[in-house]
Amino acid sequence: MAFPVRCCALVGRFEDPRIAESVSALLPHLARRGVEVLVSEHNPPGVPGADVTRVADAELGARTDLLIAIGGDGTLLHAARLVARRAVPLLGVNRGRLGFLTDVMPQNMLQWVDAALAGELEADRRQLLTATLHQADGRHAQAFALNDVVMQKHDTGRTLDFDTRVNGRYVNTHTGDGIIVASATGSTAYALSCGGPIIEPHLEALVIAPICAHTLSDRPIVVSARSVIEIALHERPDTRANVICDGAILGSLVPGDRLETRTAGEHVTLLHPPAHDYYKILRSKLHWGRGSVER
Amino acid sequence: MAFPVRCCALVGRFEDPRIAESVSALLPHLARRGVEVLVSEHNPPGVPGADVTRVADAELGARTDLLIAIGGDGTLLHAARLVARRAVPLLGVNRGRLGFLTDVMPQNMLQWVDAALAGELEADRRQLLTATLHQADGRHAQAFALNDVVMQKHDTGRTLDFDTRVNGRYVNTHTGDGIIVASATGSTAYALSCGGPIIEPHLEALVIAPICAHTLSDRPIVVSARSVIEIALHERPDTRANVICDGAILGSLVPGDRLETRTAGEHVTLLHPPAHDYYKILRSKLHWGRGSVER
Amino acid sequence: MAFPVRCCALVGRFEDPRIAESVSALLPHLARRGVEVLVSEHNPPGVPGADVTRVADAELGARTDLLIAIGGDGTLLHAARLVARRAVPLLGVNRGRLGFLTDVMPQNMLQWVDAALAGELEADRRQLLTATLHQADGRHAQAFALNDVVMQKHDTGRTLDFDTRVNGRYVNTHTGDGIIVASATGSTAYALSCGGPIIEPHLEALVIAPICAHTLSDRPIVVSARSVIEIALHERPDTRANVICDGAILGSLVPGDRLETRTAGEHVTLLHPPAHDYYKILRSKLHWGRGSVER
Amino acid sequence: MAFPVRCCALVGRFEDPRIAESVSALLPHLARRGVEVLVSEHNPPGVPGADVTRVADAELGARTDLLIAIGGDGTLLHAARLVARRAVPLLGVNRGRLGFLTDVMPQNMLQWVDAALAGELEADRRQLLTATLHQADGRHAQAFALNDVVMQKHDTGRTLDFDTRVNGRYVNTHTGDGIIVASATGSTAYALSCGGPIIEPHLEALVIAPICAHTLSDRPIVVSARSVIEIALHERPDTRANVICDGAILGSLVPGDRLETRTAGEHVTLLHPPAHDYYKILRSKLHWGRGSVER
């Protein structure tokens, strides 16, 4: 990250009134500091404002020094993909309540944006996953994921039978709705809803969590982040699955295809306010310590 | 059920070799007893044999005295729909391992078929559910379910926000992959994979089980079988769900629609071999009592 | 319940300052209405005040027209045992946050006490359980429970092997820390922490929930409230369990003994403020509907 | 491990007939190879045979070249404590069914004992945990654990309120029956019954798993094996917990005390037959891949 910051990208659903409010405070603030503001050309003309530079997504990642994501964790996941191959740090501004990834509150936004511009915020490197979908006909598709790679049934009425392998070694044959390979960062997202554990964010580990497995003992497995995880469907009539990286569909998986997930060489850099405390965010998000069920 | 039985319907995937084997033993056995055999006209010509009567599904339910389903529990669920409005009893022959609903083993098939023809088997009445999909434009669709009515996300990348009501009273706003309303019979099917309890089959109760809920305290609720359960999606861009009854898609649910599930007036009658023991089946299916994890 | 109410029993940990504060508001209020106040003779002399009548626990249940429990759900469970054989209704005043059973908030206490004295509150009958510990030597011990009967390992290092039977029929052999038989009322207490479902309070059902079972498929079972549930330990060296009813120890269970739990003929009557809504309490206690984990 | 092996220790419950049978085959086999056999002096005189050398437990660990544990995983855990400070490898012979730690089957015992004597078996190093109980009065107690360190309520009727810290940082305040700190090795033991994940055995990670937590979102956390985990009880009347290492009681924890768990410098070395496959053992122990619940 170059200092002083000359160029800053903004990502968010600018049509959301709460986000528009934050943006309308942020734009003049950045202008006063002489920072050029980039936004994706996919926004409607004139949104979020007149004085922003509209660029293609590829150019956005290439040109910006800093990316500010305004919204929920989903917005930050989208932003992370734009800068996955770059060293651009991300600052996540939440739209009202704390996120795991977006931990700047709106009322403190300008203060921490200034600190980010000055290079004074704590940098928190998180490993990315890379998912490769090897199709039986030789084609393949690839995507990054910060949180998780999900293989899930396509037609909701039909369960999937599939095999998992770790580093080439057969693990299990599963029957159920699908499976999640989550990073430590993603362990508190979808995988948590599927019975996975919380993994502290800098542990070099992945969790493989079955989704609604038939076999009740088919429990999440935590493996080294250096593992290669392969998933393949059994041959069944009309069986088909979706592969989804951080909520975006990568493609379809059919019998004969193979989905391979591993840690990418790339990472993203999150910027945190100085008092950032992972366990405090957990306590807040999970309503811990309030004796929710008193016997 | 009229005795002596004159007419028997056969349901199954006759192209499966294991099922074909059972059928080829069963057909001459029924012929020797002078029982006419009906099959659905949806089977390929000549399948499962030359001397069977091919009829429309509606006629099959109307004409037969007994229905024999050969296969897994999924086959019996399909068969149950064919006779849901009739008093026709069902005998479930499993293709190799015990099912919750198909508890006649192939090696004992002829013995228990004879007992069924003679009216000597235990009759086990199970309540059906009825799901009604009230669409915003006034149309509606309706189906029976023996196991469960499922509302589930359609595009796998997008979670659903929805409300549940029981007897008109607001219960909860859920975020997740969907929700299951299961009968006691269906409690050991999909709902069990979603954290639901086992409900003994004759308890007049339903279980409402969220699928992969975001909120970890969003737990299954057991309510009276006399309850009316309503589900409605929140207004979100592009949100859409499937409604599935016993694995068959009933239709799509969009914001403004309402899914209503209640116990039907109709029921199905399962026939069981004399030594039928619900808990024995549970122990077998769930690998109980084998000390699977020894500390 | 006789009207007008002449006599009211107070139960609580009067040494707790928050409870003492409520009591010091309540005593003159009851005095002004000419209501005699009974407390257990187990309280220290002069506690909670000079003008209360101190009686034996047995007499307290026999003489009072109304029982006010001030504290948490644990206090109300204790109070319920005092009046289990009587028709005395219970009003539960919470000491700060809502309880499942104690749903009068301190700021509204005097209003709803007056309504209770006038017989204007909604009466909510809840079935009691009765636990009988049949010891091998012929002795037996018995207790009521509103929430649950728990059989749990005594020495924490040693797991238990035990059998369960429902209405004389063998269900399962369990290995683990113990088992809970909970009423619908108790389904949101300890059983919920052990993976049990929420059961709506007037469904005539019990839940049998294993505690930390070795076998992961050893899931909670919901059975009719008319069931008799028997638990017996396997013969093992030094094996011993505690039997606990609503948190109070009934006795020890050793191999050869038998614990029998069934619904009692007796019930308790809870009094609720008019706006009482079971699902609202659930939403509050379980932090529902706040999107606690946002993907 | 010195070769050729001159001295071998045997550990097991020799009074169990199945174990006695294995021992009576093993003793002459070792005698023919000129290997001296050590057993603990805690065995009854003459058990398991006339020609074994009876020594104190401390001497057993110091003198032996190899330890053979015959029984279940519990026997191997006990054996591991005897050699925790030594480089003595362990061979675990199961008494009938596969264990996670005891993976030599009786029918192959002599073959793999010979391979162990010859130094031909695969050595599998597993980290030990060390638990230190710092009491308020300055005393402390310490023990090793291969599987887990458990803090659990002492009197079964009373739940515990306690805090956890990781590397000095406050994590959470828990209410429940206790908490487990398990190694990767121990993740498939007690922690699995409490909702913890499976952790592959060589991942340098620990899991902190609450036992029957009141708060349903109080989920297991996976942290680095380099972490120091501290547990302290809140001040409550009569509160007291047991601390248990691999099933053996280390001592009592009361408010003011502090339990500290970390990875020990020591490790144990398990010997495995050549075809040892961790996932195969998982599949066998957890009844995976058998479609236990067929929808």
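Here are some notes:
Lettered A, B, C and D in written order, each chain numbered from 1.
Rule of thumb we're sticking to: contacts are C-beta pairs under 8 Å (C-beta built on N, C-alpha and C of every residue); 3 or more make two chains touch, one makes a residue touch a chain.
Quick caveat, the model's predicted, so the values are computed rather than measured.
Comparing chain pairs A-B and B-C by the number of C-beta pairs in contact, the larger count belongs to B-C.
Centre-to-centre separation between chain B and chain C, using Cα means, comes to 38 Å. Work out the mean CA point of chain A and of chain C, and you get 45 Å between them.
Spacing of chain A relative to chain B, judged by their CA centroids, is 38 angstrom. For chain D, residues that reach two or more other chains under the stated contact definition are 190, 192-193, 214-217, 219, 247, 286-287, 290-295.
The touch graph of the protein chains shown is complete. Those residues of chain D whose C-beta lies close enough to touch chain A in the complex are 159, 166, 169-173, 175, 187, 192, 195-200, 202-203, 205, 207, 214-224, 277, 279, 282-283, 286-295.
Of all the residues in chain C, the ones that touch chain A in their complex are 72-74, 97, 99, 188-190, 192-193, 215-217, 219, 247, 285-287, 290-295.
Those residues of chain B that touch chain A in the complex are listed here as 150, 152-158, 176-178, 190, 192-194, 211-214, 216-217, 242, 244, 247-249, 286-287, 292-293.
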